[in-house]
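Several structures are given next for inspection.
One chain, chain A, links the two complexes that follow: it is found with chain B in the first and with chain C in the second.
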Partner chain A sequence: MKKNFSVVGRPVIREDGFEKVTGSAKFADDLKIEGMLYTAMLRIPETHAKINSIDFSAIEGSQYLTAICTRNDIAGIKKIGVIKNDQPVFCGDKVVTPGDVIAMLAGESEEELHKLIGKIKVDYTPLPVLTDPLKALDENALLINEEAGTNLIVHHPLRKGDVEKGFAQSDFVIERKYTTQLIEHAYIEPESVTAIPMGVSRGIKIIGSIQNPFTTRRIVAAVLNMPLSKVRIEQSHLGGSFGGKDDTMCMLSARAAVAALKTGRPVKIRYTREDSILESYKRHPYIMNYKAGFSKNGKINAMKIDIIADGGAYVSMSPFVTWRTVVQATGPYLIENVHTDVRAVHTNNPYTGAMRGFGSPQPIFAQESLMDEIASMLNLSPVEIRRINGLKAGDKTATGQTLQNHDVNLLTVLETAVEKSDFTNKWKDNRENKKILFEPDFSNPVLKDNDFIRPEDSIKRGIGLSVSLRGCSLGGEGIDAAAAYLSLQSDGTIYLNCGLAENGQGLKTTFSIIAAEVLGTTAENIYYLELNTGITPDSGPTVASRSTLMGGGAVKNAAEIIKQRLIPLIKSEWKLGDEEEIEFAGNKVSASGKELTTFPGLCRLAYSRGICLAAIGWYKSPDVHWNEENGQGDAYFTYVYGCQVAEVRVNIVTGEIYVDRVTAVHDAGKIINKLGAEGQVYGGVTQGVGYGVFEEVTHENGLIRELNFDTYTIPTSKDIGEIIPVFVEGDDANGAWGAKSLGEPTLELASAAIANAVYNAVGTRLYNLPLNLEEVMLGKKLRPVNNKRGSLA
Partner chain B sequence: MNNIEITIPKTLQEALELISGGNEGIGIIAGGTDVVAGMRQGSNRFGGINQLVDVNHIKEMKGITGAGGIVTIGAAETFSGIISNKIIRKELPLLAKACGTIGSVQIRNRATIAGNFVNNAPCADTVPVLLAYDSTIEIKSLAGKRELPLAEFLKAPYRTQLNSDEIVTSIKVPLPKGDFKGDFYKLGRRRAVAISRITLALLIEIKESRINRLRIASGAVTPIGTRFNGIEKEFEGKTADEKTLKAIASRLGERVIEVTGLRWSSEYKLPVVQQICYQMLYSAVYGGGK
Partner chain C sequence: MINLKFKLNGEKVSVKTEAGVRLIDLLRNNFGLTGTKEGCGVGECGACTVLMNKKAVNSCLVLAGQLAGASIETIESLAEGEMLHPLQRNFLEHGAVQCGYCTPGMILSAYALLDENPSPDEEEIKEAIAGNLCRCTGYKQIMDSIKATADELNSKNK
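So, the complex of A and B:
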C-alpha cells in the first residue's frame, strides 16, 4: 500500500487561516440580524433547592421585555441530553446544580434584561447538598434525580482471568490511590447561538458555535416537536470547543429556538465567560484505586482497579466517557488478570461530560504513575518496566482483544522518544543528583536555621515519560460512519463538504489534501463548503478524534468514485488499452508516463460528455463487539500509540514546576496534514500541561470559585518550553491510507509524564492532580474558606 | 454594566474642576484595567459611578523626569512607558522589574502606576517596590496640593487616603544613595497574567561585612503592601553572614503572622515567603542578585 504522495504529508496552509489571522472570519457572535432579540437567564445562587414559586409580576409589562420563556413554552420534550433526557431546558420545581436555568427573558437590550432578572422573585427552599462522589452511593444518600431512583449513572465492569490468583502468584502487591480534578475546556470563544424562525412551513434555522450540528438538530427538533428536516443547523467559525460545545450548545440552541418561535423573531443567546464556566459541563474528576501484583522481574501479573467518576447533576456523556476508561484503564500493557470497575455517579456538582481525552487522561495519570513506582521498587528504569509489559502485535488487551491488522507500535514510539530525548542518561543523572529537600511543617511555621535552602540548591531537574494506547473513533459507543460530498466543476475547481465539523482542528485542510491527492490536484483548488444539516449527510458527532479516520475515509471514497467515472472516459477518449495505467498528479492526467491533458481539461471534457461529477462518499467502520457483563470484546477497530517525555525543573522552595521540554512521539498512522498534525501536538501538549500543573475548577458546596481566567489559570506561552512533535507512521488498513487519530492522544499523556519527572527530580511521588504549588510543597490542596473576593468589597 | 459618561479633560485644572463638586457618582479612570474589570464584576467600589474622568490625556500627569536625585513619574504613566525608561532601568531596577511582571503586554500598555496603588489591592505589584524605595506621592485638588509618603497614603485593602476631589498627579522616587543590592520577587500561579501570591522587594547595603541599611517590603502575604521597618532597624549593624540572613527571614515570618494572622493559605505562603526572603538576601550579599 506504499504510495508516492504528492500532497499528503506536505505542509499545506490552513484553509481558513487567512480569514482567522486577519480577523475577517465570522464567529457566531458576529451575526447580527435586523429585529434580533437578546436574552438573559434566571438562575438562583443555590446548588440544590426546591422552587416554591416564581413571581414575574414586577417585570411584566416592562418596555424592555419581549418574552418570558419557561418550561410551559416547550411543545416537545422538556428535558434533554446527549444520552439520557434528564436536563431540563428550563427547571420546574427544583434546581440540582448552580448552572441550572429557571427561565429566560428575551428583549432588545441585554443590559436592561439583566436588570429585569434582578426583579424577579423566586421563592425557594435550599435542600441538603451532595458534593462528595464517594458518598453518592450510600444507602441514605439524597437522590439527585429521584426518577432514576439511584445516583449511579453507570457501572462498567471488566473481568479478565483471575486477579486473586494473579496476586497470589506475585512477589509484590501494592495499592495506590490517585485523584484528578474538575477542569474547564476553556475554549477562547464563549457560547453563542442565534435561532431564526423561518415561518410555519419552513421551521427554524440555527447558526452558532456548535460542535455537533446533527446532535443539536436532533435535540432542538425534539424540544420543538418538529421533524428533523425542519430544523437546520449551520455552523459558524468555531473559537475552540475541545468537546465542550456539545450538550451546552444543544441546550442553548433549544432555548433560543423556543424563544424564537414564541416571539416570531430571531433570538441570540451569547454567554459571558462567567455564564459559560458556571453552566457548561467539565471534565470528570476521578477517584482511582489501583492494586497491582507483580513479579521480581517486573512482570505485572494482576491489576484490580476501582474508579469513581463524578458525573455531577446530569448523565451527559458519562456512560461513554467511563466506557473508554474501562477499556483503557490498565494502559498499554499485557496483563493476564484484570478486574476493573468504573462507576459514574451523580452529585450536585457542576456536571461533567465530553472533553478532549474523554476518560483517558485520568487513568493514564494513575496507571503511568503506578508503572514508574513499580519500576523504582524493583530498581528498573521507567523504560525497562514498559519494555517488559508493553503490548506487542498479537497480544491481548484487557478486554481480550487481539491487537492485529495494524502496526502495534507501542514499543517503537517508546524507543523513539527515549532516543530523541536522551532519556536514559538524563534520568540517571537527575536521580543521582544530591537531594536537598524542604518539607514545611505547619506546627512550626517560623523556619529554623537548617530549614533554609540556598538559591543554587532550589532547582531540581527531572525527566519522566508516559505511554498510551488509544482506541480510535467511537468503538462500542455506537454507529460509526461518515459521509463526504465532492463536486468537480467544469473548470477543475472542486467543492468539498463533510458531515463532520470543523471545530478548529483543521479538518477542512486535511480533507482537501485527501481529495487533492486522489485527484492529482492541489488543496488550493478545493473550496470547502460550510456545514449545514440541510445539505450535508449526517455523519455522527465530531468527537473521539475520528474526523481524519472516518471523514478522511469518506472523502477518499468520494474522490475515488469520481475517479472511477473519469477513467473509462479517458480510456475511450484517448483510445487506451485496459493495461494502461492512468495517473492523476500535479494537476495533470497521464497514461503510462505520457501526459494526456490537464486536470481542468479533463473536467471540461467530462462535463461536456454529461458525466456526473458529484459524489457522496461513505465510510463505515468495521464492526466491533462488546460484552457489557464482563467488559470483554473488540472494543475499537484499531488503535494508536503515543509516548511523551517531559523534562521539568522543580523549585523545591516554592513548588513551581517548569516544563522545559516535551518530546511527543505519536503513531497516528499516516500523517495527511503535516502542519495540522504538529498544531495538534502543540495544542494538546499545552492542554495536557494545563491539566497536569495549572488548571482546576474548585467549588464551595457546588458553587464554582473560578468563573473567569483570572483565577482559572490556563497556561500561557511563557509557562511551557519547547514541544517537539515526532511522528511514527504505522501502517493500517483503515481510513485514508491508514491515517488515524491524533487530537486526543496528544493531550492525555503529559500529566503522568510530568508527575514522573517530578519524582525523578525530587524523589516525591504526587498522587493528586493538578501538581500545583501546594500539591508539590505540601502534598495537598488548600482552599479559601469562602468564595468572597476582596476586590468586590 | 452601568451606562457611563466619560469625560476626557486635556488639563489637570479641567479634571480637578470636574471632580470638585463632591459628586459621589464621579470617578477617575486611567488605564481602566481595574475600573472596567471591577465594574463588570459588580464590585461595590464602583457601583455608584455614572461619570468617569479620563486622566490619560493630561500632559502634567505623564512623563518621567529626573532631578536632584529624585525620579518623578507622572501618575498616568503606563507600565510600558516606565519599563522603557533608561533612568528607571538603570537606577530603579526593582521598579522596572516589578512593572515588567504586571499582566501582559496589552495590560502594561494601558495600566498606570497610580492606578496600581490607588486601587491598592493586596497583590498590587509595584507597591512593595515603591515602599522599599521610600516613594512619596503628590496629590492635587482645587484647594491645593499635598505630598505624603506612599506608606501613609495606603490605608487598608482597596482603601487609601484619597479624597473624592483629589487626583494623584505624580510619584516621586528618591534614588537610593549608597551601594544597595536587591531584587523584586513575584510568585504567581503562572508566569504571565498572574495574580501575585507572594511579592517581596528587598534592598540591602553592606559595609565592612555589616548590614548598613536594609529595606524589606511585601505584598500579597500581608493585607496591603507593607514595609517592615522594625525588622530593618533590628538587623541594621549586624554582621551580614548566613546566620543573620536566616534570622531576618525567620523574623519576617513572625511579622507576617502578626500582621496577617493565620489564613487558609498560610500553610503554603509562610514557609515560602521566608525561604524567598532568605534567598533574595543571600543572592544580594553573595552575588547573583542585581
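So, the complex of A and C:
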C-alpha cells in the first residue's frame, strides 16, 4: 500500500477542460464534412400497429432526396440489441412502440427531408396496446415479440434459507408495495453520429456521441455484414450519457452506416430533443412487493420480494439491470432467509435499459423506506435499525457471498453521515416539534378573512437517511477486463489512451493522474489520445461505475510495466546496487534520496538506449460465480458502501418538497481525482433528487407526453440545496491503490432518504416515486388516471 | 432574403440570409462558431446562450431579422489565445466542467450576470443560471466558479 501520494487525491485540472471552456471541443454535431448528407426518420404516431404498405411514390425523384433507406438495404442482421437482437433497424411489418422507425430519408437539406416525410403514405392498422406490465404475463396477453412466444424478458430468482420458517419465527410481518416511475436520462446533448464510407477495402468510419464504441462496432459490423476490423468507431466529445448513449447510438450508427454505404457519401444523423426523448430508452419503472418478518428487537428474519420491471418493447439491458436488482434487493442487511423474484416484462411502453444506477435506485427506495417503517413500528430510530441489521466484514449477503478482502464500511459510512449531519438530534426535534403556524383545514379549504399565510407558516422540517451496498463493475454480467496504452516520448511527455470512454465523467483526468503518480510526473505532462476502436484494445463497455476501478487498474499496470523497464537501466547507468530504492517523484528520479536525473532526462536516455517506451496495460477482474437457478454466488468481486442524509422542508399546503441539504458519505475506496469525485457526488445527488421529487415521463397508451424540457423538468440551480460530499476511503486490494466506484452510488440513495425525511416531517409514508405534489398531498398520482400505483392507491 | 449587418465577437459582419433563420443556425452554419450548442431548441436548456447587446439570450429563440445592428458575443470571443478569461479559468479550477455541453452557455450567462452585478450573492447566481440546465455537475462547482470570479475581478478593480 503506497501511502504518500503526490498527484493522487489532489485537485487536477480536467484533461479536456481547455477545449470545453473555450468552445473548441468538437461534439458529434459539430462535425461537418464536404458533401455530407443529413437524414429524417419516418415514424407513425402509433404505439402498436401493423404496417400494410408504404408508398414512397410522392417523393421519388425529388431533387431533395438522395436515398430512401429501409430494411431492404441491410446486408446483415436486420434486428439489433446489446443483449438480444430484437430491435429492427427499420421496421418491416409492424411497430411496437412509438419511437420505432420505418424508413429513413437521406439528402442535403434536413429541412426539405422533413417536408418529404409528410408526403410518404403509410397504410397501417392500429393494434391493441399493452401498457400495464402487471398484465403482460396474463395467459391471453397480446405478445409484443411474437417470436419470443412470451412477454417475459427475464426472471431472476434468489433463494436463501427458508423464508416461510423465517416469517414463522418473527414477531411481526409486514407487506408493502412500492412503485417507481419512468424517467429520461436527459443528457443535454441530443444524439448525433456521422458515418463515413472509406471504400471497399477500408470499410466504414463512424464518429459520434457514442458511449460504448466497442458495442457499437460489434452491432454496426453485424448490420453491414463486415468484419469488426473494417468498422472504426471514433468518439466525439460526449455531451452526457448516464448510460443513455448505448443502444440508441448503436441504432443510429447502424442507420447512418447503411445510408453511407448506399449513397457512398458521409451521412449524419442529428436528433432533436423530441426525437431523442421519443426514441431513446429510459429507466425501468418498477412495481415492488416487499414482505418482511422481524423480531421485537429489530432483527430482520426473512424477506420476500416480488418485483416486476417494465422493460417496454425491447429486451435492451433489462436482463442485466434486473440482475443487479436481484443481487441488491434486500439492501446492505444480513438476512438469513430471502426469497426474491425479479421479472422484466415486455409492454408497448417506451423501452427501458441502462441508466446511471442500473436497477438499484428502485429497490433502494423500497427497502430503505421499509427499514424506516419497521424502525418506526418498533420505536427504534432509523440509525438503530440499520446498526442491528447492517452487513459487517465476514457476513453473508443475500446471494450467499461472504464480504471479505476489503473494508466493509457500511456502518462506518452510516455513523459518519449521522455525525456530520447531526442526524439524531434533528430527527428527534423534527418528530417532536410538529407545531406550525398555519395548519390548513382541508375539509373547509376556504380561508377566513383574517387568514394570511406566508409560505414559511406551513412548512414542516424533516431529516431522513438511506444506505446501500453496491457491487462494483460488471460482476456476473460477463467478461470484465480493460486495457490502457501508455507511451513515453523522448522529451518526457506521455501519450495515454484506454478502451473505456470519456463520457464527461472525467476518466481522462483520473487515468492521467494514475499514470503520473506511478511515473512521478504531473498530469499536465500527459496527452490523452481520443478513443478509436482501430487503435485501442477492446475494454468492454463504459458502464457500471467500472472506469476508475478497471481502466485505472490497466493504466497503473501499463505505467508499472514501463517503470520496470526503466529501473534496470537506471541501476546500470548509475551503477547502483540491487538494494537501492529508486524513486520517481516530482518529475525527478532519485535513488535512496539522491537525485539522479529528471524524468525527461531519463526518457531521453531510455530512448537513446533503444528501450521500448510503450506498453499496453491490462486489468482483469477476479472471477465471480453465479447460479442462475437459485441466485446464489459471489456476484461481484468487491463492493462499495454509501449513506446519504436528506434534510427537507415540506409545504403542507402545496405538497412541495424543498431539499435543503444532502450529506453524502461514500466509501468509493481510494479517491484518485478529487475535483472529479466531488463533481460525481454533486451531480449524482442532484439527479437522485430529481428522480425522487419530480422527474417523470408519463404516457397515454404508450405515447409520451413530455417530449422536451418544457414539460420534462430536470433540476435547475434553484431546485437543489447544499450537498456535502464526504469520502471514507476504505482499503481494497483491487484496482489502482484500492480505487473503486462512485458514479452510480451517488445517485441511488437520495429518493429513499427524501421519502424518509418527509415521514419525519409530516408523519406520512409515501410509496410511489416521484414524491411530487399529488403524492405528498394525496398519496397517489393524478395522472395517468388509469394507472393504479402503490400501497395506498 | 435579407442583407444583415451586425457585430459578431467584436467584428462587423454581414450575411445574406432568410429573416426567419435562427441565430444559433447562423452562428454554427454560416460562421462556423460551433461552441454554441443546441440542447432543446425551445429555449429551456440554455446550451445555446450567447450575449446579445450584453444580455444572455437563447440563440435558438432569436431570429436573423432581430439582429440588425446588434452586438453578439459567443464563447469563442472570451479567451485571448491561450489566455483564458477568469470565468473560464475558474470553471476549470473548481471542477465546474464535466461533459462540457452546457459549459459555453453557462459561462456566458455568468458573464452577463457579472457584467450587470459584479458582486452577486448565492441566490443571484442561482437565478442567473437557472435557465441553463446541467445534468452532470449539480451546479455547485459552477456557482463556486462564478463566486470566485466575482471576488477575483472585484479585488483587481479595487
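We take it that the second predicted complex is superposed on the first by the 759 of 793 C-alpha atoms of A that agree within 3 Å, B and C clash if a C-alpha of one lies under 4 Å from a C-alpha of the other, contacts with A are read in each partner's own complex, and residues count from 1 in each chain.
We adopt the following convention: a residue touches a chain if its C-beta (ideal position, glycine included) is under 8 Å from a C-beta of that chain, and two chains touch if they have at least 3 such contacts.
The model shown is predicted, which means the values in this text are computed figures rather than measured ones.
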Chain B versus chain C as contact partner of A:Thr716, first or second or both or neither: both
Partner chain in contact with A:Glu111 - chain B first, chain C second, else both or neither: first
Partner chain in contact with A:Asn503 - chain B first, chain C second, else both or neither: second
Touched partner set for A:Ile453, first chain B, second chain C, both or neither: first
First, second, both or neither for A:Thr125, with chain B first and chain C second: neither
Partner chain(s) touched by A:Arg273 [first = chain B, second = chain C, both, neither]: second
First, second, both or neither for A:Leu238, with chain B first and chain C second: second
Chain A: partner with more touched residues, chain B or chain C: C
Chain B and chain C contact sites that coincide on chain A, given as residue numbers: 709-710, 715-718
Chain C - residues contacting chain A, complex: 28, 33-42, 44-45, 47, 74-76, 78-79, 84, 88-89, 91-95, 97-104, 107, 125-127, 129-143
Residues of chain A touching chain B in the complex: 111, 438, 440, 442, 445-449, 451-455, 458, 653-656, 694, 709-711, 713, 715-719, 772-774, 777-778, 782-785, 790-793
For the chain A and chain C complex, residues of the former touching the latter: 11, 13-14, 16-27, 29-30, 185-190, 237-242, 272-273, 503-506, 675-676, 678-679, 681-687, 708-710, 714-718, 720, 723
Touching residues on chain B, where the partner in the complex is chain A: 1, 3, 38, 41-45, 104, 121-122, 157-158, 187, 189-195, 197, 243, 246, 249-250, 253-254, 257, 262, 264-268, 270-272, 274-276, 278-279, 282-283, 288
